[in-house]
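Next up, some structures in structure tokens.
There are two complexes below, and they share chain A, which is joined by chain B in the first and by chain C in the second.
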Partner chain A sequence: MANNTNLPRRIIKETQRLLSEPAPGISASPSEDNMRYFNVMILGPTQSPYEGGVFKLELFLPEEYPMAAPKVRFLTKIYHPNIDKLGRICLDILKDKWSPALQIRTVLLSIQALLSAPNPDDPLSENIAKHWKTNEAEAVETAKEWTRLYASGA
Partner chain B sequence: MTLGSGGSSVVVPRNFRLLEELERGEKGIGDGTVSYGMDDGDDIYMRSWTGTIIGPHNTVHEGRIYQLKLFCDKDYPEKPPSVRFHSRINMTCVNHETGVVEPKKFGLLANWQREYTMEDILTQLKKEMAAPHNRKLVQPPEGTYF
Partner chain C sequence: MDSEDDMMDANDVESVDDDFYSGEMDADCYSDDYGDYDDDVDEDDDDDSGPDYDFMAEAADDSDVVAARSQLSYTVLKEEDIRQRQEDDITKVSTVLSIPREAACILLRRYNWSVSKVHDEWFADEEAVRKSVGLLDGPVVRFSDAELVCGICFDTLPRDRIASAACGHPFCKQCWSGYISTTINDGPGCLTLKCPDPSCQAAVGQDMVNALTSSEDREKYARYLRRSYIEDNRKTKWCPAPGCEYAVDFVAGGGNFDVACLCSYSFCWNCTEEAHRPVDCGTVEKWILKNSAESENMNWILANSKPCPKCKRPIEKNQGCMHMTCTPPCKFEFCWLCLGAWSDHGERTGGFYACNRYEAAKQEGVYDEAERRREMAKNSLEKYTHYYERWASNQSSRQKALSDLHQMQTVHLEKLSDIHCTPESQLKFITEAWLQIVECRRVLKWTYAYGYYLPEHEQAKRQFFEYLQGEAESGLERLHQCAEKELQQFLTAEGPSKEFDDFRTKLAGLTSVTKNYFENLVRALENGLADVDSHAACSKGTSAKVTGICKARATKGKGNGKSGGSSRNGDD
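Up next, the complex of A and B:
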């Protein structure tokens, strides 16, 4: 598509670096027909309930990027207090804490970190957060179960 | 958007476009006479939607609440959603047996552009209800469904 010809230089540079020096456990590649739309994969961090899981996400750089944050969501079902049923993510840097100094890479690293450190005090899924707060061990078991069921990478 | 700004070339992909529409629908649109929401909160691909139109004033539709089903397939918004009335209605662009809004008789669907939204469809259908060829048509009993 011709729409990639006036892709901002910053996006081109970020993309090149994502492809040439991917962060550990993260891959992101632009879609063929829309260079602002990325297919993303994040491996569940070790020592987290998501360990062993392969999580698919999609990321889009809106017209205002980098003045506005990228839009990101999970496509793989995940049991996490800060991620809702549609895969939307509650993360401050995707909202009011966004800064143009951040990058696609930092966003994805933050999401990976969120998997290691669920934050039930700032929930997006009320039920899951409640589960996490009342019986963390059981919630973690459910998260592991969902990882096996939906994120096995098969 | 002005030419040369580069803005007109940014294409919002299907899923993010539908998320925008979802958020807009949740906030509530205009005077509330048209609204919509997702049917299945678990469907990650956000395909099935229910729309509602409150019949416009000074027409036979006044005070009636019409429910519609909209289906956004994988090729939305390049292609329009399929739209059908769930509530029975007598209207020139609606199939009498199925409730399907027939694209051939409804310009917005026939001449679809990717910028158009579900809100545009519902708003345009509401206008269509008030058009001279529709506003006085005899209607099926209220509360009946296709």
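Up next, the complex of A and C:
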């Protein structure tokens, strides 16, 4: 684990805290061979179309972290206007609104919140956003369907 | 037809023109004799052609510069000037609002560096302004501990290693440095830097940047701040010349957007294309668009085709032999090499595929194919090619003149000064001649865009325009010839000579005459050749006025030739 010896203290502290006091509905643990790579699981928030689902994500801390934002991606297929079919997430704090005072925990909480409150006005996936805006009830049904299909067996 | 008179008058002037450099007419008659037209230009004439304009005396040069400066509606700012002005504005706001300079700077940037806007907004609603830019009244968090946890690296550190913006959120100095440096390297967004705490809007200004970052980052930040001062300010723009670091502060209301930067580049402040008087910005835009759309085509046609010598349609040669037959209905048969009729070839030119006429002419060096094709282009290719080629060739002449000017200033002037035992300050007339050539090439270039858009049906205007343009061209050629060719002999001369004094008089005279002619030309064209309109509408009286421009120029030439001459006598 040569590349982990120089791990900044901040990352070590964050990791320890994530493991010892995890946020509700979120788990994140570093990969064994790369302490900058995290396996993440987020439970679909209650009263959202994703309720009951378990969503896998990957999170990577780039060399510049915390000056640069972590890279996060959904591994589980999800029907959401701000998440595309590759699992990429449209979230301001992962881009221009990133601040080094944010943390892995805050990022994951924001993603969880995004599942509760999809924002079809700032879409990543045009089709899903359009579906959401023209027929929200139907779009929510599809999201539920996808949750059942892809996010239940995790 | 009226325009006939016009042209006849014009021709008359030409005959006057031929000898006007050697003439002896009085300069004063120019401003007295030509009524209305001169009223518009008197102001300039006093500076340029009047007794003030003495090519020999240093003092006269200075007064000329002063006169020119008093009309300028802009100021060129060097880096130091920019810094100074920015400092002054910051000081003003800081003093009036009783706030730190750093805060004044943040406010000015927010309101595009308009001091009055900052004042207005601040006194209207200080709270709202403070909030919008993140200028806090006091800290939002307070700590009394001796040690604090940095919000970025999570290390617990003594207070002296912690820094905060006005809000008080603690971060260690090392993390601050990384944070600020990252933002600066992301671009000018660093000018609206905030506290790293995601919920906090507290502004981070230059003092903090300077206190916490490397000198390289400080310099970058200062550069962004200076750039913002020019780019966000409605009254200033950078000179668009590549590599030029000067800016221009423009005062609206001059009616003329031409700006000459200290780097010698002239541009239009309104559209930031190169200076284009007498043509307006809209025409320039159209012309440039046209060039970019058609120049490829045009270049291809020029490079790969020749016009049929009879019907002038462009012909691309796509088969091997030189025997060309134009497409019906023309069907003219000719030789590709010499463009002569094919019937003159064959036996008489030494066999089927050899064109002796071409070979012979080429050997003698009289056969300048490019020249011939240029001549042809006028008749054959679209009107556009005609204007475009001339526009472009004046452009390249101008480039050449610029490099000649540079050569003159860096090498030749010193040499001339040695040979002719004259201080370089006395050789300014040569630099002035070259500067004038550069300027004239620019004007002449744009007259071709002007000509292109001059409506076909306005016959009288077109004829008059072409006459003026032709005269401008030949006047400029004379000046260019004198500055380029006639100067050569003095570069290789043994020592001072009477001829050099004569040359001085001639070149200075030509410079002044050409300058005046071009100034009048620009005014006449900007005026839409309005004199021609009034001429068409009324009678002979105005016809005298139209030609007045030419006559005025001609007499002025004499006047200047003389005043130049007499001042020389005076000095000697």
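FYI, the second predicted complex is superposed on the first by the 153 of 154 C-alpha atoms of A that agree within 3 Å, B and C clash if a C-alpha of one lies under 4 Å from a C-alpha of the other, contacts with A are read in each partner's own complex, and residues count from 1 in each chain.
Throughout what follows, a residue touches a chain if its C-beta (ideal position, glycine included) is under 8 Å from a C-beta of that chain, and two chains touch if they have at least 3 such contacts.
Treat the numbers as computed from the prediction; the structure is a model and nothing was measured.
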First (chain B), second (chain C), both or neither touched by A:6: first
Touched partner set for A:109, first chain B, second chain C, both or neither: neither
Partner chain(s) touched by A:88 [first = chain B, second = chain C, both, neither]: first
First, second, both or neither for A:58, with chain B first and chain C second: first
Which of chain B and chain C A:66 touches, first, second, both or neither: second
Contact breadth on chain A, by residue count: chain C or chain B: B
Touched partner set for A:140, first chain B, second chain C, both or neither: neither
Doubly contacted residues of chain A, that is, touched by chain B and again by chain C: 8
Contact footprint of chain A on chain C as seen in their complex: 151-155, 169, 171, 175, 178-179, 182, 196-198
Interface residues, chain B side, partner chain A - complex: 6-7, 9-13, 15-16, 19, 22, 41-42, 44, 46
For the chain A and chain B complex, residues of the former touching the latter: 1-3, 5-6, 8, 31, 34, 36-37, 58, 60, 62-63, 71, 73, 75, 77, 85-88
In the complex with chain C, residue positions of chain A that touch it: 8-10, 13-14, 64, 66-68, 93, 97, 99-102, 106
